[in-house]
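Chain naming follows the written order as A, B, C, D, E and F, and within any one chain the residues start at number 1.
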Amino acid sequence: MDTRKLYEFNVDERMEIYALIKSADVRVAKNGNQYLALVMTDTSGEMPGMVWEATPEMVATFKAGEVVVMQAVRQVYQGKPQLKILHIGLPDLAADVDPDDFVASAPMRKKEMEEEVTQLLFQITNPNWNRIVRYLLQKHADTFYAYPAAKKNHHAFNGGLAYHTISIARLATSVAAQYEQVDRSLLYAGALLHDLGKTVELSGPVGTTYTTSGNLIGHIVLIDEEIVLAAHELNIDLHAEDMLLLRHVVLAHHGLLEYGSPVRPMVLEANILHQLDELDASIQMIDTVLEHTEPGQFSERVFGLDGRMMYRKNAENK
Amino acid sequence: MDTRKLYEFNVDERMEIYALIKSADVRVAKNGNQYLALVMTDTSGEMPGMVWEATPEMVATFKAGEVVVMQAVRQVYQGKPQLKILHIGLPDLAADVDPDDFVASAPMRKKEMEEEVTQLLFQITNPNWNRIVRYLLQKHADTFYAYPAAKKNHHAFNGGLAYHTISIARLATSVAAQYEQVDRSLLYAGALLHDLGKTVELSGPVGTTYTTSGNLIGHIVLIDEEIVLAAHELNIDLHAEDMLLLRHVVLAHHGLLEYGSPVRPMVLEANILHQLDELDASIQMIDTVLEHTEPGQFSERVFGLDGRMMYRKNAENK
Amino acid sequence: MDTRKLYEFNVDERMEIYALIKSADVRVAKNGNQYLALVMTDTSGEMPGMVWEATPEMVATFKAGEVVVMQAVRQVYQGKPQLKILHIGLPDLAADVDPDDFVASAPMRKKEMEEEVTQLLFQITNPNWNRIVRYLLQKHADTFYAYPAAKKNHHAFNGGLAYHTISIARLATSVAAQYEQVDRSLLYAGALLHDLGKTVELSGPVGTTYTTSGNLIGHIVLIDEEIVLAAHELNIDLHAEDMLLLRHVVLAHHGLLEYGSPVRPMVLEANILHQLDELDASIQMIDTVLEHTEPGQFSERVFGLDGRMMYRKNAENK
Amino acid sequence: MDTRKLYEFNVDERMEIYALIKSADVRVAKNGNQYLALVMTDTSGEMPGMVWEATPEMVATFKAGEVVVMQAVRQVYQGKPQLKILHIGLPDLAADVDPDDFVASAPMRKKEMEEEVTQLLFQITNPNWNRIVRYLLQKHADTFYAYPAAKKNHHAFNGGLAYHTISIARLATSVAAQYEQVDRSLLYAGALLHDLGKTVELSGPVGTTYTTSGNLIGHIVLIDEEIVLAAHELNIDLHAEDMLLLRHVVLAHHGLLEYGSPVRPMVLEANILHQLDELDASIQMIDTVLEHTEPGQFSERVFGLDGRMMYRKNAENK
Amino acid sequence: MDTRKLYEFNVDERMEIYALIKSADVRVAKNGNQYLALVMTDTSGEMPGMVWEATPEMVATFKAGEVVVMQAVRQVYQGKPQLKILHIGLPDLAADVDPDDFVASAPMRKKEMEEEVTQLLFQITNPNWNRIVRYLLQKHADTFYAYPAAKKNHHAFNGGLAYHTISIARLATSVAAQYEQVDRSLLYAGALLHDLGKTVELSGPVGTTYTTSGNLIGHIVLIDEEIVLAAHELNIDLHAEDMLLLRHVVLAHHGLLEYGSPVRPMVLEANILHQLDELDASIQMIDTVLEHTEPGQFSERVFGLDGRMMYRKNAENK
Amino acid sequence: MDTRKLYEFNVDERMEIYALIKSADVRVAKNGNQYLALVMTDTSGEMPGMVWEATPEMVATFKAGEVVVMQAVRQVYQGKPQLKILHIGLPDLAADVDPDDFVASAPMRKKEMEEEVTQLLFQITNPNWNRIVRYLLQKHADTFYAYPAAKKNHHAFNGGLAYHTISIARLATSVAAQYEQVDRSLLYAGALLHDLGKTVELSGPVGTTYTTSGNLIGHIVLIDEEIVLAAHELNIDLHAEDMLLLRHVVLAHHGLLEYGSPVRPMVLEANILHQLDELDASIQMIDTVLEHTEPGQFSERVFGLDGRMMYRKNAENK
């Protein structure tokens, strides 16, 4: 068994590795036979491959979420990597394979993220905001540290939601240090809550889709609902200025009505949160796309970056 | 005292009438003296006029909301009607003047509107929707039948909010009768609630402005908040399909993200409610603008109608 | 021979039925042989399927518009239904098959539609409008009751044009009943004529395409041409106000210049007609898309609805 | 009496000249007295000025369209030229003043324009197009050579419509000479007819406004109506390809649906006509705006040029 | 002489202070007399006021850039502050008044800014970028530390250009510390140069207007010109990757073509610089507008913030 | 060997011809074997075709840029022409085949184009512009007459850049003859330089792609760079009005910021150059698309023409 990962093999090289089936479509070839269109993945990325002449048993066995043993050759199809699968099978029962080991995760461990969030909570000095944020983070603790931040655009990995939240909070700390007029409590409270509705909007970390609530209500109103109920539960006046501000900062974080915010940012901290959200998301997207771009080349056009191509430099000057 | 109303006098005709001061700005003339820029109103419409050389007593006396006795001549200034105010004073104490008598109102009485709403409630057969709608209409009963539907665009008169709601509900009844696939309960519940957040967004029927909640949260999310709290109060499951649908229909009623809905209409009834809302609002705006347009002429461009001019026909063919 | 229709078979089920070939493309497989890419249809909907190794005789026989006997299995390809065609042949000469029986039609019979149109004509009291509308409906009687209302977006079935027209006229009746300022004659005349130009713009009910006139002139100006010539024929003054109004209402019915109307609606009835046109078209499109969507699921994005997905409810509450 | 024109006087210089009243608004000053807000004009341009304390006789005398004798001083108000009118009166009966002498006109005489049009007609070799164009130019001969091409944007002077038409036809001749694939007959026929509907859309050369037909139907459909009726009169088949092409070229000449064309240019000549229309109109607008801009300065922003400022060069290099 | 500043007086309070004339328009009143429309300013802000009946001497004396002694009363006109000027005169010759003392400046002194820039230069390790940046900052040293960053939108004060540049560089430092993939040299070099073209585009710190170069070429291409010439001067290869990158980062800093960048950001550092530019500019604009907004109130709509109103909180929670 | 060209064979006809491989993609068929997806071309156009079962030797031999001997049958696939390749091989060594003979070229020879450019240069009377244009045309003489004007949209053939430039210059001559206010020197200088940056932006006449400079800087700023350096070299003052004008005309030639011009046209000649550029490009695009459209048919939608279809007339009337 090779110890290298999917993307560590070169074109035309043969591999025998464990990999996770990310998705498995059953299709019918022109000769009428069924075949499997698989997407194989490990932490180095994902790559498609076909299994021709799939028997009903194979269709039943090789499903999304399964870890398999695979013999394959890396090839190129229309400029993109793909696998020519020579053999696919289930691992030995003795083999210690855990699907979670094959999924990309945030570059911080959950424990570290929790500690950083705790430090941030100490800096939210407005007692109502502090209580609301603590209440909601505790309520969604399981999902907040496990979910991705999006279905595919950015931070689409395990723990991506918490990691994206922390990245924004760090940027917020820098901005608050530089501009003294910023209300840190409001900015941090808004940063911690802004995407928490995604724990309801998305189905979970694996095979992420939108839930019915996610489609019909959307994560922005879903987190507002949570804030409303939390305030009710904690006996906090929803129409006092501090609660209007917290809700506004969260509601306005997409910046423009066209992007789904029902109001545009009308307080300084809402404006900043929106811009830091865009900044962190775009840095993460650029990072991801450049990982699979050769030095000196331009990437494909990236939907989440308004269709821009990104350039990977030949030389770094850091 | 004349018994005619403001707009029933011709140009150059002199009037002596009661009128309500709708707004009163204190300004400084080029000679350094203060004067009052008033907007006078009665149920026939509103017309501006100046009171030159205003003493401090006059400034203190003639404020928005006061009913006054006025001698004036109707004139035209830059194509628009205005008043040359000859004399202004307070009515006799004996005079029985009520500011409410000078404000335009919906063409239905409150009692009639309440009855029609009651009839609609009977047709909402889903028990959760029925309870939520009853609960919220009762909670906001005072304001729902008194507020205008907007600050100025359409139905900007006393009771305009309830009247606009009822107009849409009537249209909804016709549409449901014609298209059998329509879920009447959902459409009526959505129609009754869709603009109820305006009772929080707007300051009230007189001198209407946006509240801080109105600006920072907006009436769409404000009514969603009310639905969320009502469901909590009434022990209704917020994430069951029926509640998702009701909230969706209300959230989506502006039709486009650009118009402030956080989601676009994704169920049939949301789509219909949005279109009926536009239909009734545009009919009411056209009506208002044509009232002050001469037959055979085009109106000014109307902001709420995307800058269109409207034409008033010479002859009616009804 | 099965008596069920195409969409009444389940996935993997085998069928032997009559069906109409809606379109037949001859293609060349990678091995250089020709095959037929067919779209089969009956009143339950349409489904694609391939006939491999098509001989020249087969290519000459199995053309769009033919009714055939087909043995096939329903399958799923990339999430969409398709047919694995096992055998295809011509029906017995004795078989009584009429292509028209396999095409979806409006849910009203022609006779009923004609009667409803006649009733509407009685309500057009302006004599010029009445004569123009009668003249043009008579001139296009054959096509008006046979054509679809569009190539594919909405009401794309036999008789769809008349049915869409009648649906709008019914809505117009309700609106006119509710808003007394509406000029019924103008609204009904406009409703009856608004899409009549499609009888020239489209090629016909089967295999509908755009004609050269349709592409170069468009149905809005084509019906204006017809009104101009009709008025000339009937000695009606084209520049009297009533004729300007009728033409305006028809010309403006797309509502926005971007949608191909050369003028925006500037009279009340033009505004209403445009909005009812959108309302009926969107209801019909939603209906169609939800027919092939499972309860509790979201449809694909619909081009004619600005790319929205529509949700099919699990439970109805009518 | 000075022989110089309005714009030939410097700031602070006193003038005594004949001038035409272009428009005269009666307004009420803050002291309640009436005054006249005039716009005075001669062939050098137009300039506003006030006549304070206007008696009813003056109001009745000094109306739009009158030629007057005026003593005035040229001044600057908010960066723009205006007149301080010292005296205004009617000319001696003996004075030979004709309002037409004070209106800007096209830089070609009617006779010259007629001759150039005649030459163009000879080059339209398709007999149907030739007959239609001759028929319509003859029908509108009086207005075609007298009307402006627009209410104010471009070619807003006497004879502007014919002059703009000829300018485009000249450009068309050059283009046809350079690109041999161009169908000259079609391009010239389209050029000659494209704006002829403005003779119905606009009220006339003086105090130009939009007619009711102009607003409700628009000049593009108005000329299509004329072509339709002309073809009918001349027994020409409206649905033969040549007539579809001619109508298409005219209908599409605004280039974009947003600009009021019901179809976009789909034949080469329609595409060219649209672009030459824009080219000539923009050259004429730039010309006009630079006339009142000092060398080395930027003009005000020009609405018809998408809000651009234009720069007037210090030195010419021709 | 009062020691308070313009904005430190309350409405109706009388002041006698030194102030700088920011602009002085000569206008003609309706009675034909000239008056001066002044904008007075000191470091607390600017306020308009009129001087009626201005003699030619006064017109010649009270010009933009002059410091004067003024007796005035603060008033409100249409909701905005204005001055009723009672007396205006020149200061005693003995008075030590310097126009620069009345102009708002960056909150850092030039010396501090220079030092911070020097520190940044040390961190640009790519020798070509380092030399280019040093060369250009030295060349424009006088203007870089004196000019505003814009004519009026943001940082429209003395030294605003350098201060805005430093603010962005500080944000860049934080971002580079958080995201290790960032090329600091490139980001800092881009930040220091990005707006330097404004020293050519704008006329200077007082009465700032656009130069002819500024209008015709624009500051983005003007700084590119400077980089091109500097590279030529310093014998640096303009088409090596490092120079393409530096120019790209500067050219792309407006982010969108619509905002005047000829290319969109295609490298990570260009993307970050654009976003930090927007972040700092918006924070500064919000700051400025809230200075003149009362707690609990919404500001006017701000052009530079897409027409948003901003809310000034009642209570701070820092 | 046939002497006809690719597009001179009918469908189903067999050909044996020389052709140039324009592009060659190696792909993997579903059976795991490699095949070649070729695009074959000669001066009549290009057509795709597959070579199944490609051996490694074939992959190494049949590359873009090679001239081959090909036996094939013309077919139709999804409405578009394609080749069924029966045999492919290298030409005899004796065969005199030059890849350049298979590439479409401008309809003028280089010599003719050079002469026409020389004539234009004589008409640029401003000495600075004359020297700059001569200097740059000489510097880029090799590429200017060889490069295409675009990667694919318009004038995508050998010599297309010079040919497009000359076409615009001819149009410019006509316009300057018609409008005497035009500065010919400026218009011709701008026309000759406007697209010269494409010699740096594009990789060359064969297999044209964007260079890194092209993507990161763009041809508009690349030619500005050349003008800046040329002026420096020739000791011409870059900030004198004439040089600002020349640069402006070139920078603004895309007309709108959205299309990549950093400034909009603010002088007459910039406005004209932009419009002539669009005119010539659209004529050339329409020409190309109609070449492959049948008479009486509409083309496919053309990206470079905003998605319009174009109509090919049945009869010509020239």
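Quick notes on this one:
Heads up, the rule we're going with is that contacts are C-beta pairs under 8 Å (C-beta built on N, C-alpha and C of every residue); 3 or more make two chains touch, one makes a residue touch a chain.
All of these numbers come straight from a predicted model, not from anything done at the bench.
Path length between chain C and chain E in the chain contact graph, taken as the least number of steps between touching chains: 2. Both chain B and chain C are touched by A, D. When every chain is reduced to the mean of its CA atoms, the largest separation from chain A belongs to D. The pairing of chain E with chain F is characterised as same-residue: of all residue numbers used at this interface, over half are used by both copies. Each chain gets a centre from the mean of its Cα atoms; for chain A and chain B, those two points are 45 Å apart. Separating the CA-averaged centres of chain D and chain F is a span of 40 Å. Across the assembly, chain C contributes 212, 215-216, 241, 245, 266-267, 296, 298, 309, 311 as residues in contact with two or more other chains. By the definition given earlier, chain contacts exist for A-B, A-C, A-E, A-F, B-C, B-D, B-E, C-D, C-F, D-E, D-F, E-F.
In the complex of the two chains, the chain E residues touching chain D come out as 25-28, 30, 32, 212, 215-216.
Chain C makes touch with chain B in their complex at residues 125-126, 129, 167, 170-171, 174-175, 177-186, 241-242, 245, 264-268, 271-272, 275-276, 278-279, 282-283, 286-287, 290, 296, 298, 305-306, 308-311, 313-318. For chain D in complex with chain E, the residues that touch the partner chain are 29, 50, 52, 75-78, 82, 84, 296, 298, 309, 311. Residue ranges of chain B in contact with chain A, taken from their complex: 212-213, 215-218, 220-221, 224-225, 228-229, 232, 238-239, 241, 244-245, 247-248, 251, 257-263, 266-267.
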